[in-house]
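When the chains are written out, they are named A, B, C, D, E and F in that same order, and each has its own residue count from 1.
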Amino acid sequence: MIVQGQEAIDKAIETINGDMGALWITIAAILVFFMQAGFTLVEIGFTRSKNSGNIIMKNIMDLSVGSIMFWAVGYAIMYGSDLVGGGFFRSSPSDQGYFFFSATDWHNLFFQTVFCATAATIVSGAIAGRTKFSTYLIFSAILTTLIYPIAGSWYWPFDDDAWLNTAGFIDFAGSSVVHAVGGAAALVAAILVGPRIGKYVDGKAKVIPGHNMAFGALGVFILWLGWFGFNGGSQLAWGGENTVGAVGVIINTNIAAAMGAIAALFFSWARYGKADISMTLNGALAGLVGITAGCGAVNTFGALFIGLICGIVVVSSIEFIDKKLKIDDPVGAISVHGVCGFLGTVLIGFFALDGGLFYGGGAKLLWVQTYGSLAYILWAAVASFIVLFILKKTIGLRVSEKEEIEGLDLHEHGMEAYPEHISSQNN
Amino acid sequence: MKKVEAIIRKSKFDEVKKALHQIEVNFFSYWDVTGVGNEKQGHVYRGISYSTSDIQRRYLVIVVSDDFLERTINVLLDTASTGNVGDGKIFVSDMIEAYRIRTKESGSAGIN
Amino acid sequence: MIVQGQEAIDKAIETINGDMGALWITIAAILVFFMQAGFTLVEIGFTRSKNSGNIIMKNIMDLSVGSIMFWAVGYAIMYGSDLVGGGFFRSSPSDQGYFFFSATDWHNLFFQTVFCATAATIVSGAIAGRTKFSTYLIFSAILTTLIYPIAGSWYWPFDDDAWLNTAGFIDFAGSSVVHAVGGAAALVAAILVGPRIGKYVDGKAKVIPGHNMAFGALGVFILWLGWFGFNGGSQLAWGGENTVGAVGVIINTNIAAAMGAIAALFFSWARYGKADISMTLNGALAGLVGITAGCGAVNTFGALFIGLICGIVVVSSIEFIDKKLKIDDPVGAISVHGVCGFLGTVLIGFFALDGGLFYGGGAKLLWVQTYGSLAYILWAAVASFIVLFILKKTIGLRVSEKEEIEGLDLHEHGMEAYPEHISSQNN
Amino acid sequence: MIVQGQEAIDKAIETINGDMGALWITIAAILVFFMQAGFTLVEIGFTRSKNSGNIIMKNIMDLSVGSIMFWAVGYAIMYGSDLVGGGFFRSSPSDQGYFFFSATDWHNLFFQTVFCATAATIVSGAIAGRTKFSTYLIFSAILTTLIYPIAGSWYWPFDDDAWLNTAGFIDFAGSSVVHAVGGAAALVAAILVGPRIGKYVDGKAKVIPGHNMAFGALGVFILWLGWFGFNGGSQLAWGGENTVGAVGVIINTNIAAAMGAIAALFFSWARYGKADISMTLNGALAGLVGITAGCGAVNTFGALFIGLICGIVVVSSIEFIDKKLKIDDPVGAISVHGVCGFLGTVLIGFFALDGGLFYGGGAKLLWVQTYGSLAYILWAAVASFIVLFILKKTIGLRVSEKEEIEGLDLHEHGMEAYPEHISSQNN
Amino acid sequence: MKKVEAIIRKSKFDEVKKALHQIEVNFFSYWDVTGVGNEKQGHVYRGISYSTSDIQRRYLVIVVSDDFLERTINVLLDTASTGNVGDGKIFVSDMIEAYRIRTKESGSAGIN
Amino acid sequence: MKKVEAIIRKSKFDEVKKALHQIEVNFFSYWDVTGVGNEKQGHVYRGISYSTSDIQRRYLVIVVSDDFLERTINVLLDTASTGNVGDGKIFVSDMIEAYRIRTKESGSAGIN
């Protein structure tokens, strides 16, 4: 009878833990939602004032279109059951067998929706200031409907059919699934759209300063805040072991971000002779992206080193992409999300307590992490290239020169973001 | 000594500046103004479409010695132009004296 | 004995669910609190810089005065017991029998307080840029002390005495109780105060552009965020069915907001030829206001359509009120909160899964929703009219012409909000 | 057997309450984390635009350096066991006996980390606009590594060795431990660094207006929001009594902040003839700082009076420090955190339901509160003085006159925060 | 050709602009300046009351042909005035030449 | 009547203003401009170091009667100077007429 009683108690605990988990996931999702505001502010702050309204529109629409499309189609593609093409694509979009998914696991849908919107929004920053709004809308819709959900389906349903899951790939909250995917799409988009007018003159990279560092900094604080939900929520549970797990993840997240900012500060200070504000802000984001994959697999020291490495690499990468590759990425999205997303995934191969090279785990995990992350980058790059190439050949990717020079706000949206503001920018 | 005031499109400023440097006019001051003229710009805000002739322009003040005047004007006329309504104006007036604050030099030494 | 054990377990679960519910309500209330910052930013962004400081003061005071007055008086009026005047007014302000309420249900008091502050703050936007600060303070105090609490008492105590509750009225989180009440008060206030100087010239509506779209957008993101607490928290519980309920509410909220933004974007794009930023932002808010009543009664498709309808209607309504009625509402508060609050309440009559016309429920619910919502609008309009009319005849509603032209910040507050900022506004 | 069952149930409840408590503390810590953004915005808004980037960097680094140092060293100092020097210093930094602490009580570490970062960031505002960035970094690191953790160790481990805990000192969430410590350090720093150029001319205090009230107001809203976590989270638990306790704390917090804002508004209005915006914002913060110590010990009426007193005192204190003491504190950090931190701690001696003078508790508590708070102020002042004095004599505290006049952003960071912004400030 | 520089109250700008249009002066440039003069404005900030003579004004530059000068001045004097200290000033100076950038026309064709 | 235009360092403005008041020049207008000249300023942004000659300056317009001209120039030359490259320029030109809008006075009564 007591046994029965204990069983009943265990069942009750399980139910309650389920509810507590749902509460945490919901709150975490709300935090991740807020990251949209963070991305918007960082992008606004790091670009010129004549395009601020356009950036607002792109981000609001990433979220809005993404919310509708992911609910309608994407979720089914991501979590559907039967797989075709070697596990590449889930054929039956949902267990219920109809296209428009009507999940009752609302908190999971909510959490995944805001993740999806994040992936879309990464691209926005890299092509700010010259991209046609209508074209962007279409690309963003395809990314949230197909490109990201297919990427997600390889790992996150955590079932036998998810090939990267079976392979032992580790990407706790999506350094690769979300950030490297977004970053790779951003890379392809930035190349295809081409640099802003005046960015490269006589083969030399010119500075186009962002117009508001305060917005940039507030954006970074909001992103850092949201990341506690992004990573911590990816525990997908609360209670018992999961409590320790989720908060440990949060500590790792905070340490990596802090170390990323410090590393970027001192590295750029030594390199350029000035304590560079925008690089320090990017350093914090680099640490956050880098720890996203491993926050559940490494200890605090691992987080510290991942933050350190990402904070340094992001500075060099931004410089390299800008000056050498001559790809114009106003906010550093390719370096922050793409490069550090890849790096963070691979570094698990070294720092994972269970299976990492530095902890005697051999090279196997390192190998899985590497090809897994590359698979994501390849998929996102190829898919984005196809979509954007078609768009380029049809409706076009770029606004006219006149529109770009006078500002997207005026021409795409018929207004200025700061109409009382006399700006000293040149065009 | 002449004072050249040019009201140009903001989008033409970089070109103009480069061209001025090429003819060795390396000294001027500029700021942003609103210009009222022939050009109109369409706006929409919360359901009201309107067109305004108040358009942001850049105002340049260049004080030059008389022998620099012509080429300065020519460079401005050439590089600031797009051929569309709204390219702006150049005004020339007389300047009696110029001083360089640093050295208290005056005359043409004061200009640049 | 096991039965007894099960009883004990059930009791324990109940206690824990109570605590979890309190946790959720507290967090939700904190999110709703943050909406004050959202309202402030939207109002600042959509108006001229010379009045930004005044807007800050009005919003800080809505919150501060509202917090004190609702705790002191309003809560008692809203939840007191005996009713007079056909249920219009609760005579005994509290069960405890004294005026200053000393509730121990802190989380409920907190949640209701921030709701009350929201209702007050809606008015602020509609009369921005010309209203006397002292007058506004008095009106705001009366609204949070009497007007809103009486409105709330008709439905939200969920007891037999609450006449709209008995009538079967549905307003989950307050499309009518909060938003239509605030919107109706805003309408009356905007009419009585009159338009800003320069808004209507020779009978034609002129544009007075808002000075900072970035603040406007950040404000909308914060409001959207806060709305997850506003609606989700109105479940007033967590655990078991309530978990599903609350998160389902959040999904509906998100879908309606997203669809509202999309609808407003495409509708205004088609109508004006430009992708209008401020209308899109208003569209998201319209969707949020619209779904507030029905988020617990409709399914996701219902939310989609409510968002769609509100997103379109808000654009037309803003235009109509501005151009035809010639009521000057700088931020669109009347349309967003008043019109869409009413609309959202009535649309439940069509979309409610239980009782809605489209689901075979007949016209009964539609009728209750309509007269319920109209009752709220009428009450708020009449009460506001009386208060504002008296204020107009005594201390006056408006600042002097000189003060208005030179800015409320300078004259009411002795300073400028952006003293280093050379503004290009005309006065 | 049923007894056994009840025991099992109680154990289960305890576990669950532990998990719920951890959830609340984690969320509260996330809210406190966000206060960094609030501090940054208030400081940016209340100072000139030429130093905005520098303020961003100081705040990002407070957080980053503080997160690393407190995890590495500070936490061990604060919670280590054996005590020396009459309980002044914990000798064995951690139970585990090694220096770098590897706590598994992650949520506590997280909560304490963000508290520590708060203490550091208070100083930043008081010395804005003239302090060398490198010097500031060193001071901030020492504050988070030693000065604050030692202060914390006197009370917050809540063990027998914590001398102020044993003495019956009450400081629920740190009016003294965090705010008075930060405020005292700010006072010493502001004196040693000296006023900004142009602040005192011919012995008279001049006005240097802050450049963006909207940022200031947003910052205050964010701080107010974060304070619900700061105070509410300091309950350090959720469930049963703790639920009521934590939300009661939140109500007190909100009432005191609201009353502080109202008091500062009307007091400054009466005094200066204008409804002063920045004073009202400071009044809200003063109420928040003041209630931080007593939010768990007083009732709502107590909170009301503490808010009232702090709101009035902060206005007089800012004026006195500025005009009479001629200490240049651009954001009022000394008055808000130092003076009101002290005041809030002492006022418990009057308003505590249990032991307060007004509730018949005699003067004992008042005495403990007074010397406890003074001990904190003394410690922070002396320790800060030693560190800053050494820094002054070695690398120097201040930038050169040219750097200060042209802006820290340009000279320390090689850029401007708003490069398109034509500012009308004089230098 | 004359250059008219007018420093007026920002609050009078709309009226002035309308009046200028009525006498067919449809071409000018303007920007915001701070003016120091007789007028004082009271401020309070964080406990310090102070009054400043640095007040925001609008600066208009209108280049007109000589026959337009008088009516331009008159319109400005009439519409920019409130009768209170701080209404501003009008300055007139000589302009040697004007060019329209778009067409390279000069002389009075260059003005408008 | 003369128009004095001075382009000075923003950091020198307070001093200059005080000195002008001392010689009873209590009337002028100013705004911020970008100056191109000899001085260079170093910047770093996201990995690119660059130096620019576009530096923010303050532009003063002071219309004075002829007998005030000299002392005004002298005060400006004295107080606006630091001795470093970039101190700025003073330009003097002729002004035909001045009006005070408030009173419609003209001539020297119109100046201050």
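One rule holds in what follows: a contact is a pair of C-beta atoms (placed from the backbone, for glycine too) under 8 Å apart; a residue touches a chain by one contact, two chains touch by 3 or more.
Since this is a predicted model, take the numbers as computed values, not measurements.
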Margin query: Touching both subunit E and subunit F, which chains are there?
Written below: B, D
Next item on the list: Mind listing the chains that sit against subunit B and also against subunit F?
Entry: A, E
Margin query: Counting C-beta pairs in contact, which chain pair has more, A-C or A-F?
Written below: A-C
Notebook entry, point to check: Roughly how many whole angstrom separate the Cα centroids of subunit A and subunit D?
Noted result: 33
Margin query: I'd like the Å distance between the centres of subunit B and subunit C, where a centre is the mean of that chain's Cα atoms.
Written below: 51
Item checked: Centre-of-Cα separation between subunit E and subunit C, whole angstrom -> 45
Note to self: Quick check on subunit C: which residues sit in contact with 2+ other chains?
What the structure shows: 1, 5, 9, 12, 16, 20, 23, 27, 209, 212, 272-274, 276, 278, 413-415, 421-425
Check: Can you list the subunit E residues in contact with two or more other chains?
Finding: 31-32, 34, 43-45, 49, 93-94
Note to self: So with touch defined the way it is at the top, what topology do the chains form here? Options are line, ring, star, complete, other.
What the structure shows: other
Checklist line | Interchain pairs in contact, sorted by label | finding: A-B, A-C, A-D, A-F, B-C, B-E, B-F, C-D, C-E, D-E, D-F, E-F
Item checked: subunit A partner contacts - residues on subunit C that touch it in the complex -> 1-2, 5-6, 9, 12-13, 16-17, 20, 23-24, 27, 31, 48-49, 209-214, 217-218, 220-222, 224-225, 228-229, 232, 238-240, 243-244, 246-248, 250-251, 254-255, 257-259, 261-262, 265, 272-278, 280-281, 284, 299-300, 304, 421-425
Note to self: For the complex, give me every residue of subunit D touching subunit A.
What the structure shows: 1, 4-5, 8-9, 12, 15-16, 18-20, 22-23, 26-27, 30, 33-34, 36-37, 40-41, 44, 52-53, 56-57, 59-61, 63-68, 71, 102, 104, 106-107, 109-110, 113, 133, 212, 215, 409, 412-422
Item checked: Residues on subunit A engaged by subunit F in the complex (per definition of touch) -> 205-207, 209, 268, 271-274, 276, 278-279, 315, 318-319, 322-323, 332, 424
Notebook entry, point to check: How about subunit B: which of its residues touch subunit E in the complex?
Noted result: 2, 5-8, 31-38, 53, 57, 59, 73, 76-77, 80-94
Notebook entry, point to check: Across the complex, what residues on subunit C touch subunit E?
Noted result: 198, 402, 405-406, 410, 413-415, 422-427
